[in-house]
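To keep things clear, I will list the structure first and then write my remarks on it.
Should a chain be cited, it is by its letter among A, B and C, assigned in written order, with residues numbered from 1 in that chain.
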Amino acid sequence: MGAFIVRRLFGMILVLVAVSLIVYFIFIVIPGGNPAIRIAGRTATQANIRSIEVTLGLNHHGFFGFLWQWWDMMKALFTGSLVSYYDGTNVVQQIKEGIPVTFSLAIGAGIIWMGFGIIVGTISAIKAGQVSDRVITALALIGISLPVAWLGLLFRYFLAGEKGWPAIFPDGGYVPLTTNPAQWFYHMILPWFTLAILFIGFYGRVLRSNILDTINEDFVRTAKAKGLTSGRILRKHVLRASLIPIVTLFGLDFAAVLGGGAIITEVVYSLPGVGFYAARSISQQDLPPLMGVTLFGAMFIVVFTLIVDIAYAYLDPRIRLS
Amino acid sequence: MATTGDEFTLDTAAELAAEEGSAGKEIQGRSPWALAWRRLRRNYVALGSLAVFILVVVACLCAPLYVSHVSHIPPNEVRLGDSVVKNGQKVPVISNGHTKIVNGVPVIQTGGIPIGAQYGATGGAYFLGADELGRDVVTRLLYGGKNSLFIGVTSAAITTIVAVILALLAGYFGGATDWVISRFFDLIWAFPVILLGIALGTALSVNGFHHFGINLSGSSLWITIGVVAFVFIPYIGRPLRGQILALRQREFVEAATAQGAGPIRIMFTEVLPNIASTVLVLFTLIIAACILTEVGLSFLGAGVQAPNPSWGTMIEEGQNQLATAPQISLYAGLAIAVTVLAINIFGDGLRDALDPRAKVRIEH
Amino acid sequence: MKRVRSVAIATVVAAGLALVVSACGGGSSSGGSSTTSSSSTGTLSTATYPTLNVVWGTTDYMDPGLSYRLESWQLFQDTYLGLVYKAHVSCLTGNCTKIMPGLATTIGTVTNGAKTYKFTLRKGLKYSNGEPIKASDFTHTIIRDFNMQSPGIGFFSNIVGIGACEANPTKCKSISGIVTDDKAGTITINLNTPESDFEYVLSIPFTSVVPGSTPNKDTENPPPAANGPYYIASYNPSKSFVLKRNPNWTKDEIPGIPNGNPDVIHGTMTDDLARAAQLTASGQDEYDEDVLPTDQLPHYKSKYPSQIKFWTNPSTYYFFMNQRLKPFNNLKVRQAVNYAINRQQLVNLRGGLGIQTWNFLPPVYPQYKKITPNPYPYNLTKAKQLIQQSGMAGTAVKVYTIGDVSVDLSTAEYLQGQLNKIGLKATLKPLAGANYFTIMGNQQTKAQIGFTDWFEDFPYPTDWFNTLLNGATIHPVHNNNYGNVSIPAQNKAMAQLAALPPSQALSPSTNAKWAAIDKAMSDDAATVPYLNGILTSFFSTKLDVACDVFDDNQDDIAQFCQK
């Protein structure tokens, strides 16, 4: 077990290094000016640009130069001194400030989609084949077919006053939890549901199929033979068994949301989270924040994948040996 | 007539059935594909969805016909100064505004509002209204649909093919090949999908892709296709690899190896047919994911570039006009939802028919 | 400067300009003009109140040595003052471009053939951090600008002994042309040649005096210590800022600078125009500095008519055409583009917020003379003919624009469409606003045609022609003359007019000569000007709109009063 974990950890670090190299490489491909020019301002002369290039470490060329620049950027990132090309703000600081917003969004949406997903999945499994099951399945399918951006705009249009109807909810924006919990909640409702709807559908269906599979298992038949009520069987045996894969799925999805899946929701509702920061940096072709945000996201995904893998290896010894 | 003792063979069964007269019929064995087709045929909902999807595709392909026969307005042509005749009156497509200085004070006459849905009052032009540059929304929906669907289907096809090849190589050869390909899958998988898509899309859209003898301008659709395809490779590759690994241990593969068949031959004749149904289902379901990803990328500005329409860019363009010209964003999103829903329902039906156990994890 | 969301541009005062302006005055609304829906003469309320909440656009920096954005300069006018300042009065009722003594006791003693300026600091002034304001701080401020490679260093090229700093800005340590005496509190600046706009140079934030102890790098956490009635207590880039009363500001210590009505100003920064407007409409904020979103303009105008003010800023929106590249090196092609633009439609794209123009100078200038009749009335047929005659039909053209400001993108899409209609092959190249002007200013980009605009830095045509259309100020990088316009006769005329003595700077014949340059540029179809911009200010019901003072380019938030 220990060797398995060590191997996986090693792989994880390799992956993160590779991710950061790729991000760096992608943005060297972006033309449209030397970042030094952008910083030097409009009356800078050729000499000024060169001196900025040296400061930013952009004067190295060639393959090893490229690696050297990348290493410099990594060092700066991990010592917390990495600054944006565009406005000189500290990248790690900006990410830190965006974390509460993105976490608010992800956790709230996560609770909603897990909660509703479980309810939806259980009901449609119990009533499998009946009308309510079909209706729920249909709704679930609709949920996963909606583009997030459009859903967000729909909510804003009808519920937040864009149409000219009185606004039931605020039209985007974020109020910190510490400033005003009631307003924080009020502002987050629409973004939470926008993000959660597509997951509710998906999780409902997965849970439904898991439950139906589990019901056919031997141990359930035994429990029935023993005389336990359906409700008790459902709660104490079936649900537990069916939820395990759901929980692991949730871990991966939650990581994905933190790792950038929230970006569209944050843009539509103007929530100043990590995703919004990433979207802005991309349009400004600002490499350091992108590097920071991408690694932040990749780290979550990789760590959660690792936890899931370890959990499975713990439960199924065959995997450890693969 | 087989009369060798008590053996009960299929021939025997057929004879027995024939002896029973017209009540019995010869039982024919059916291939798994035929069985699947029968199951699918009975799923009216799935077939209906397929029909809807085909309808959407055909409608979008007929976009040029719509332009020449109904709206007479090309999709990308800016028509700020145009006007239409409605109820005998000339109405500007974009309302006129101006500012006058009266006693030193600017007096604004607001303008720039695109005309709303006409529903045929103007004889086909601007059926659902105009966008902020005077272009016909329906025309752009159709042309945009063409682009979005083309990107969605093509990138799904490319990612499936690449993923199948990689999974075959990894699953069959194992060892170092498997290790490298698995790490490659891990790498793409670890990359936050949207961020990778945006990063690649933005980087490539500025100046295009001019390497390895391929020359693509920054606004080429193939760049978006490549980006979306690349991002989804592990979503198909990993489940397939797992399945192939399992298949590899099966006896018929061993038998084929013993017969002296080479690896390529085995992959194509033994392994591939057994994963075919899974591949088909995955392909269908990943089309939905590809379309939604293109929409997301275009919405953020890293997909299809202006002035080419796509459903994603239309949602983005209409954002700023939500209060006065909602038709730009709302109908584009509706088109996406309907199309993706149709594919999802059909894909579900296909999966139930072919291989009820295929599970696909799609990220949005 | 540019006012577009992401970037601003410095003016380059070319060496050799020699125009002295002692006070831009004269008739009504010369220079920056503004409008008020209720004319505010008489005394303004000075009733104080505890908090003012505002919503603001994002900006580049909050350091007066680095920022070149209207969003920051609007705050600097009450926080960072220089030796002189432009009067904080409404342009409609007073002379908002009048130079007033700021940190100095007078607007300067000018001697030596207008080449030497001497100032004496007021006594007893202190920064917000308690340090006394010293004369040598002025020199340190300029040197700091060079060390940080500020976009404003071009303004100082006429100072004696500036050569070493210009050649090696990061190593700039001293400027021989500036002589200060801390004990006497005097500052003497020596110029190489007379320069008409030097007083204005001393009124812009690049010369606002900061303590000598301020680090020689972008300082915004917090920003440098202030010398105005307020100081910037905190700044969170693109998120928020807070202004508080300067504890070391004595009431009325600089006549004409308001003491300020709000005690604390909380600013939320966003580029989402719809959100900004909504925050103000709902009362969560009291003032929206951002422009109102054009698609909701009718809605806001009808619902809040008395809370919105429209301003004509001295600004021109135009397309540049690079005369060093095909096809725009051909006069017929440039004329064709002018014929192919329907200016009314471009005004529509901005929701009606704009006034059509085909002059380069904005109409508020005394040197403006409307070119009549319209030399290029909208005529697609004529445009097509000209393209055919030029032999450039079918040439590939890339139209550059700012991609993340939707109305700038739409404007360029319109241009692209028209260019295609007249026989060119135009494609669109949208770029991020943050990089846009830097990339346009780089000759290597080889941008043929694109979107641009200009808002005045100060109200004299040198800020327009000599900066933007002058052959002598074409640079390989950080070029402002995107079109590489260089007409020898006009270059000469510009230089001559800039070198006139102050007494002749605003004479009718001088004004007429500037107008002639304007016309010559139009004859050469040097650019495609299409509208003068209109900005908006949106107030919540809490504020008394009658108190609003729009001075030169911006509302003075220190003078806002509550009902």
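By definition in this document, a contact is a pair of C-beta atoms (placed from the backbone, for glycine too) under 8 Å apart; a residue touches a chain by one contact, two chains touch by 3 or more.
These numbers were taken from a predicted model, which means no experiment stands behind them.
Participant: Drawing the touching chains as a network, do you get a line, a ring, a star, a complete graph or other?
Facilitator: complete
Participant: Report which of B-C and A-C is connected by more C-beta pairs in contact.
Facilitator: Of the two interfaces, B-C and A-C, more C-beta pairs touch across B-C.
Participant: Roughly how far is chain A from chain B, centre to centre by C-alpha average, rounded to an integer in Å?
Facilitator: Comparing mean C-alpha positions, chain B is 23 Å from chain A.
Participant: Just give me the whole-number Å value for how far the CA centre of chain B lies from that of chain C.
Facilitator: Going by mean C-alpha positions, chain B sits 49 Å from chain C.
Participant: Determine the centre-to-centre distance between chain A and chain C, using the mean Cα coordinates as centres, and give it in whole Å.
Facilitator: The separation of the two C-alpha centroids amounts to 42 Å.
Participant: Can you list every residue of chain A that touches 2 or more other chains, as numbers and ranges?
Facilitator: Residues 32, 164, 283, 285 of chain A each touch two or more of the other chains.
Participant: List, in ascending order, every residue of chain B touching at least 2 other chains.
Facilitator: Each of 206, 301, 322-323 in chain B touches at least two other chains.
Participant: Give me the residues of chain C that touch two or more other chains.
Facilitator: Where chain C meets two or more other chains at a single residue, that happens at 274, 299, 403-404, 431.
Participant: For a test of understanding, state which residues of chain B touch chain C in their complex under the given definition.
Facilitator: 76-78, 80-81, 94-101, 104-106, 108-113, 132-133, 206, 218-219, 301, 305-307, 317, 320-325
Participant: Provide the residue numbers of chain A that touch chain B in the complex, in ascending order.
Facilitator: So the residues of chain A touching chain B come out as 11, 14-16, 18-19, 22-23, 26-27, 29-32, 141-142, 144-151, 153-154, 156-157, 162-164, 198, 202, 206, 209, 249, 252-253, 256, 259-261, 263-264, 267-268, 278-279, 282-283, 285, 290, 293-294, 297-298, 301-302, 305.
Participant: In their shared complex, at which residues does chain C touch chain A?
Facilitator: By the definition above, chain C touches chain A via 6, 9-10, 12, 60-61, 66, 68, 149-154, 166-170, 218, 236-239, 270, 272, 274-275, 278-279, 299, 403-404, 431-435, 437-439, 441-442, 476-478, 480.
Participant: Of all residues in chain C, which touch chain B in the complex?
Facilitator: Residue list for chain C touching chain B: 29, 33, 35-37, 92, 274, 293-299, 301, 310-312, 342, 344-356, 403-404, 406, 409-410, 413-414, 416-418, 427-431, 534.
Participant: Inside the complex, what are the residues of chain B that reach chain A?
Facilitator: 183, 186-187, 189-196, 198-200, 202-204, 206-207, 288, 292, 295-296, 299-302, 311-312, 315-316, 318-319, 322-323, 326, 329-330, 332-334, 336-337, 340-341, 344-345, 348, 359, 361-364
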